[in-house]
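Got some structures for you, see below.
Shared between the two complexes below is chain A, which pairs with chain B and chain C, respectively.
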Partner chain A sequence: MASPPEIRIRSVGTELPGPPVDNDALVRRLRMPSQAKDWIEAFIGTRTRHFGFDLETGEVNDSLTDMGEAAGRRALKAAGAEPGQIDLLVMGTSTPDTLLPTTASQIADRLGIDSVPVYQLQSGCTGAMQAMAVASQLLRGGGYRNALVLGADTTAKYFDLDAPVKSLNSGAQVATVMFGDAAGATVLSADPDATGPVLRSVFSRLVGLNRAPGHTMNWYAATKPDPDEDIAGEDYKAIEQLVPQMSVEILDELLAEQSWKAEELDYVLPPQLSGVMTGKIARLLAQTVPGAQEVSCVLDTGNTANALPFLQLELLLPMLRPGQRAVAVSVESSKWIKAGFALELEG
Partner chain B sequence: MTSIEDFIGLIDEELGLQVTAEQVEATFDQIPDWDSVKLLWLATALEKAIGRPVRFADLLEATSLGDVYRLAVATV
Partner chain C sequence: MASPPEIRIRSVGTELPGPPVDNDALVRRLRMPSQAKDWIEAFIGTRTRHFGFDLETGEVNDSLTDMGEAAGRRALKAAGAEPGQIDLLVMGTSTPDTLLPTTASQIADRLGIDSVPVYQLQSGCTGAMQAMAVASQLLRGGGYRNALVLGADTTAKYFDLDAPVKSLNSGAQVATVMFGDAAGATVLSADPDATGPVLRSVFSRLVGLNRAPGHTMNWYAATKPDPDEDIAGEDYKAIEQLVPQMSVEILDELLAEQSWKAEELDYVLPPQLSGVMTGKIARLLAQTVPGAQEVSCVLDTGNTANALPFLQLELLLPMLRPGQRAVAVSVESSKWIKAGFALELEG
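Our next item is the complex of A and B:
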């Protein structure tokens, strides 16, 4: 029996909407006290983020579909792939424009992708890995050659620019200054002639048994929101406690699975929660892989959830030399999901 | 704000957090529901109460509410 084909990352494309919004501008617009800038710098650590809406008026300039289309188009162009060569589309998001049609199918339509399976996963920070895992398995099955994999999120529906920030729960206040909008995409290929790093492994695994959710995003339709129920919540104390250790476990698992020694890893892509948290986790991971260079984007992009690993991949790929290896680590605190991938540029 | 009792009252009023005099001298991690968000809003409330700026950078050195109180009083 023939061994399953290798999966290669042919390209990456991303979209960060609008200009970067620094902490000064965000604090001013949200009418937060002047000390909030110092608070963000000390406890969140993020410098800038991008929004798909006008910070002054709240008007949405870039929907999730717009951002996903832009990222997908860039990934296709970088791969030199025509829409007709895409056999499969998988997208992860926690913030679709509409529940139906799915944003994934809207993006497919914009890109001219049709008559192929299109899947949308309801996912958070591990959504990129979830989508890559689903696409990889389908590609390995032999029925498809090229997959467009997307991850994107928008904060537009969760941002009430006129609500006093102090009236939000602590978790929501943290989230307000921590998250940003972005989309990312990659073309994965099982084509034996494809070039690019080999995706040696990708996984996501629920580890939420008997654990309370760490991150909650509510949604409403015709029914009115329950006044006692928060629209969003974040148990950042649980996140601070659990994510660093889980990150180490994911790194260890991927190294062991690939039989890679710690000194053989060239790059590590840590979880991108916030500048402060990512810094802590990166220092912890460096205890295992001291020679691996950190590849992070969160200081400049904020936490863009489903888009994050694509933003990190876009930074990584131009640096990756033949023979080099990288591991990406992600933890989703919603109901607690561990995820990661390992890649290698053969040489 | 001239006393620790005033300070405890301010915390209750502004943050909805009831702390005892003993908890004022406990480290932050020993106070249920304490977090950095509350430090931000306490800084804002303190500025109003004492009528002078409170440097957030100074508050970052505080390990307890008592430290925060002494910083605020020293500022007056």
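Our next item is the complex of A and C:
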């Protein structure tokens, strides 16, 4: 038996719906107090985000399926791949359009991908890594050549534009200004003729034992929401305390696993929780890898959860020169998952 | 490199919450017309089902996490496996307790499973096969030895006990009497010392191209449900037309793939949509494998979606003699997925 093939990132495609929404527009529409804008800039730091819904009417113009289809189509086109050449689809999201059918199935249908396994992972901020880990391990096992990997999230169902923001708990208020909508996709390939950076490693690992969830998203169907129960919650203190430290551990682990010296790392893709938090974490990571350039988009996109690493990859790939190396770091705070990947453009 | 290891089913564990609820009790509680009981018996055929909530008060006594924990604990105990020996957890469900954290993470926490990849697939009736396919391929790829695979569903959020049943569309009325709550689990192992039947094959494959969804489950968060939009829908005609034919194709495919003659199959695990439909499909499959014994539980449990194949496996394993073979068949009607597995107890 031959040794397992290298997995390459053949292409990346992304979708950011609608125009950027700045803090002025958000504060005005949500009838937040006038000091909210200063508060967002000081404590969140995100400047703009995109929404798949019309901020005035709430009407959804770009569903998760729409965004995922657009990103997937761009990734296929950039790879020069036909839908019939995709023999595995894996998607990560926390906010599917419907519970059934899965959004992954709907996107496959729109793209003309059929007669292959289609998996949708229920996942938070580490969903892109989870989907890439599953896809790359299935590719490595043989039987599949090209996988379309997607990550996307939408805030539409969590934005009640008619509800006064001050009725929300503080965690939900933070979430309102921290998140944005987006989709991303990549074609991963085990084809020996494929070009693109080699995915040297990708992992995700639950580290939540006996730790309370740092982030909660509830849902309802026919039954009425319990008025005493929050629809979403955010333990920002726990996130502030744990995410930076876990980020350093993930970077250290990937460098050690690849036997890469700190000075051999060219780019670092840090977690993208908020502008302020990403800034803090990037400065912390820079203590380990001072020569690595930070690749971030959170100031412009907000936290787009499952879509984020794809947005960062789209910024990275045109910069990546032969011989260069990058590490991406992600932490899921809902029940605490460490995740990351390491890639290298051979040369 | 050695050839990939055999994957064995070391154990199965299941959980059916509360007492069985018969059609009399269901019809009475939902204030259905008196002829509804005859209609359920004639067209659905299910006799009892279990619910994780109290049918009188609606109070949830057994959440998806509770049921999954119980099933997982039984599977671990039956395998004689410690939580620390599990190095991968994969769960399928269409109805997680919360969107984040995932129910898979919560169950891992309760069982003491940590520092391993935990994946939750958003899936319908083929979710058990999807989870088994992902887990067994990751096990086969090396790096993991034992995987806990879970499948579970709960109807709690779709039962509005205060709403008059006649306000529901006909699809939702069918769903009300067709589904039940349950969880199942299995320990899959790539350990050469493991005992139990060998999982010869397991697959799931989207076949939904250009086909409308046959089953829809919507969800809400902060936004109000659109009164014109159904929370759940069922195209029972499409299901009646497509599922039997697809079931025959899945059986044929697995027999051909394994080079098993029809008379060499000892057990068949058919889809478990409803008592009536399973009866029809079992008779159709018997035309191909007249000597194979049907293993079904739907009359007693209703359709428990992601949990079902585990309930069938629990009935099968004590009957399975050395040299015997079984095939399980499942179809997901939401966006049409074919799935199945083949197993054999060596002897």
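Here is the rule we go by: the second predicted complex is superposed on the first by the 346 of 347 C-alpha atoms of A that agree within 3 Å, B and C clash if a C-alpha of one lies under 4 Å from a C-alpha of the other, contacts with A are read in each partner's own complex, and residues count from 1 in each chain.
Note that contacts are C-beta pairs under 8 Å (C-beta built on N, C-alpha and C of every residue); 3 or more make two chains touch, one makes a residue touch a chain.
Note that this is a predicted model, so its numbers are computed, not measured.
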item	value
Partner chain(s) touched by A:134 [first = chain B, second = chain C, both, neither]	second
Comparing the two partners chain B and chain C, which touches a greater set of residues in chain A	C
Which of chain B and chain C A:159 touches, first, second, both or neither	second
Chain B versus chain C as contact partner of A:120, first or second or both or neither	second
Residue numbers on chain C that touch chain A, as the complex places them	1-4, 58, 89, 94-96, 98-102, 104-106, 108-109, 112-124, 130, 133-134, 137-138, 140-141, 156-160, 163, 203-210, 213, 215-224, 231-232, 334-335, 337
Of all residues in chain A, those that touch chain B in their complex	33, 35-36, 38-39, 42-43, 166, 170, 173-174, 236-237
Parts of chain B lying in touch with chain A, wherever the complex brings them together	35-41, 43-44, 47, 54, 56-57, 60
